[in-house]
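Paired with subunit B in one complex and with subunit C in the other, subunit A is shared by the two complexes that follow.
On to the complex of A and B.
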């Protein structure tokens, strides 16, 4: 592959899904007008959802979903042994995602409720980094394909991969939206990492923090804001727990 | 010829989710044909408990990455019926448009990415980009149009933003609707290109009589809500979803099974077509005739063609819906409501068939009980029974193990299974 006199190698890439909805992998097939150019950057070695041809000589592995069964742990460890760059792809992989809500309930009771007459193997939800070393996190529920395209180009050209450090509020303000706090809603925009183009708040629904904490957030000020405005603490807890992305209110390295 | 063999497909490729196919033949006789879903369950029915009604559709949409709009709307419909909320007319029309967008996107993904390679001797869409450039271009134009309809109506193409209990949090403006209508008009010729490809494909000659289940409302092709009907003459109220499904488990599958009048039945595009043919747009009926597709069709491979016919209907009906929206004052888009205790079913026609969410709320509007029954769950028994009959027919015709393996893969793909969704 040549571009302006420089030559680049395609990324030898694979995409794998674990406990999830497969919506993040689906984004790889979206943005159809740039799709054939996007595929040009990739040498797809293994991507079961779209191809019957499967090879195990990939360098980059995209991991979608969280882990909830022993066979997934083994599959993930095998992928880790092969991949030079392992990417936690989407909110479930990065933080556990909505799947983590399961962990609030006693496991045995959950199984009996859904499968009253059957033995089912399931374990508490774990994010990918609890099992193997993760080299790159791409959060989002689902991932933002525009951001994925930018990161893939960076990986092909060997330039620096980064995520925005600032919160969703910055993107939301740029769209001249009315702040949802002004409308009496708790919104996690002030503490959540940008990069989604504030898609939820622009649609007038509160940010639930799928991209996890922004860097250097002022959590104390945020919590004070909710209290000062007399907004519901139950609502705050429900929103903060939604994607399990604010566990311990800590940052993660991107 | 080899007459003792086992076909073991682990994690069938080019379908959503994880499932295995096993076919065992001994002395030329079929011993076993099995469809086993091995996907990890996520326990959405448990996770949703204690959550406020307004947040629930944002959770349940995450059941599926392909049909998230259907899941959001099934929950919303269940909650609105449980709490007696009547969403504004404009919101209902925009929701119908959103459903069209999702179904078009899902059908285009299935037709061009997942099954077209089977009929062009390829492993994936990638070689087809060069070998069939016009067909793939047409497929991408249709898929992009589906995603654009979803984005304009719900804020994003996967995991909708503005579909909320009571109506919508935001509606598209007139300029967006006009642009969308132009895009629909411009892209109708892509359907002709799609026809030209799908007319040439060799649809396997196979049929097994079965029961087809879908929604039906008597006045329009089904989408959100209605009566629950089947080709065996069943006709029930939306809340009677349990009598339609009779769920049970099999120990080799994390996805459940259902039954109605027979041991197996079908949901999906072909079921909608078979039950609601008269309500299709005339252009879709014309297209069906040109493919020799008539109700009641019992060839599961024709589900692919039924999806293509639905794409024709969607483009026409979406244009009409936009015209209606442009002619009316959109005004109110969300009805305020007071949470209350209640329970109801929300049934919608997801791209892959009839989807039920049954939700119960308490006086604070928190969900206390949930039950979701997914289209693919309702197809498991039929896939299983079809696999056996197809393998037996192929053995009689003297086909070898490679040919039988390919046929079985193609059969399962024709159902467009949404496996992680079915396990949820």
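On to the complex of A and C.
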């Protein structure tokens, strides 16, 4: 690919799923209007959702899901050895995701609850960065395809890869939404990283923080406003724990 | 007849008419039927049962809440969209071309309050009358037909303190509620010609008295007040006041205040390739000085890493003014920021706090002036 005297190479990319729903990978095949242009930028070496061909000479590895078994650890380490850029792709990979709820219960209890008559090998949920070094985080449940496209274009053209540093409120206000706190709900929008175009809050569903904390969030002020409004501390704790994305902020006295 | 003073400000070539409320609605009905129109629309109720309004597309009279209190978001985005494409770059072979479009479809904006219209006048000063007029803004401003409507202030409106509870320019048509009828101030030939097809009459003395009474009632209905005398100087003196840190500690850095503000116009510019790499766009995006990376520069240095500093500069821009808006305050006193702020940060409390702190600062400043005077007397 050559434009304006610059030549760009396609990204040799592979996509792998771990403990997850594979919904983030599916986003790669979404947004049909630019799908052919998007795939023009990629040399897909390994991606089971769209091709049965498998090659192991990729540079960029998208890792979807969290880690819940020993064989996943070994597979992830092998991918790390091959990939020059390893991407934690989606909320499960970045933070542990919904799967992490399992960690709140004794392991045995959760296994017998879900698989009453089966012997299942499972370990507590770990996010990708607990196992291997992660070069790039793309959060979201699921990831926002538009953002993925922007990041892929940046990787191809060698320009700066960035995520918004500000919280969801900026995007929510631009949608002329009514603040969910005004409707008596707890919404994690003020502390969650933007980039989703406030899709949940625009649908009047409070933000559960799938994209993780925005930069330099003011947790003290956020907790104070929840308390001052007399909103449920249980609801707050449940929302903050939902994606395990506010792990570092949960040691608070609310 | 022409009043010598209109709402206490200078008079232009304004024409005044009186229209019954029923006929006015007929007029608005025809306006919204034939034009892309926006007006106050009730989007729901908050958890306390108060109606929530926003300026949204309206296609019939039923869509418009004529007796609305205030919209949560301002009408700014009709002129300064939250995201706006500034230009597009198309690449071919070894060359490229830049495509710029200032096109803007005509719209009708119904129900703007005097403070909202004052906000537009302030934006005109910054974006049209400054050194670098914005053709993007101009196209939208000129293509918007503004119908203003007066209202009784809400308990937290402080536009009177900012002298923006009255407005004499910046609209096409302004309606003052004088009971059974509206007193119309017609400020454009477009509005005059539209109204020709509807039943209006010249105001009588009686109507003028009703108008004066209405203005008196509005003026006397304000509850919230901010003492803005000498505020620019106080802001300068109180640059290092602990008040900034106190309120900054409450700030969520969420930018909601700037997003709903009718005059906050700061923005960021992003340039990005289209996915096909055959073109690129330069996009403008409304930003807020409270956002964490507002003052971050290439290389990662952040000139304003502290909440309190960022909050301070927002108040500086709003209440002291920057050179680019001729050192004028740009706050119109609508208190949308105060209502939107989840942490309860609002101009009234911040400024009153600063004035209390400022009292001490001014004493110190006067003290030093006295000391200088004494020194001069000693060494004439």
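Simple rule for what comes next: the second predicted complex is superposed on the first by the 249 of 254 C-alpha atoms of A that agree within 3 Å, B and C clash if a C-alpha of one lies under 4 Å from a C-alpha of the other, contacts with A are read in each partner's own complex, and residues count from 1 in each chain.
The definition used in the following text is that contacts are C-beta pairs under 8 Å (C-beta built on N, C-alpha and C of every residue); 3 or more make two chains touch, one makes a residue touch a chain.
Note that the coordinates shown come from a computational prediction; the quantities given were computed from them, not determined experimentally.
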{"item": "Dominant contact partner of subunit A by residue count, subunit C or subunit B", "value": "B"}
{"item": "First (subunit B), second (subunit C), both or neither touched by A:176", "value": "second"}
{"item": "Residue numbers on subunit A that touch subunit B, as the complex places them", "value": "17-27, 29-30, 32-33, 35-36, 39, 44, 47-54, 68-69, 72, 97-99, 101-102, 104-105, 109-111, 113-115, 117-120, 122, 141-142, 199-200, 202-205, 208, 235, 238-239, 242"}
{"item": "In the complex, subunit B residues that touch subunit A", "value": "11, 13-17, 40-43, 45-47, 49, 51-52, 55, 58-59, 62-66, 68, 109, 113-114, 117, 123-126, 129, 140-141, 143-144, 147, 154-159, 161-162, 164, 169-170, 248-249, 251, 254, 420-421"}
{"item": "Interfacial residue positions of subunit A with respect to subunit C in the complex", "value": "1, 3-5, 8, 34, 37-38, 40-41, 149-150, 152-153, 156-157, 165-167, 169-170, 173-174, 176, 178-179, 181-184, 189-191, 214-218, 220-222, 224-225, 228"}
{"item": "Residue ranges of subunit C touching subunit A (in the complex, touch as defined)", "value": "43-44, 46-47, 52, 54-56, 72-73, 77, 82-83, 91, 94, 96, 249-256, 259-260, 272-278, 286, 288, 291-293, 307, 340, 342-344"}
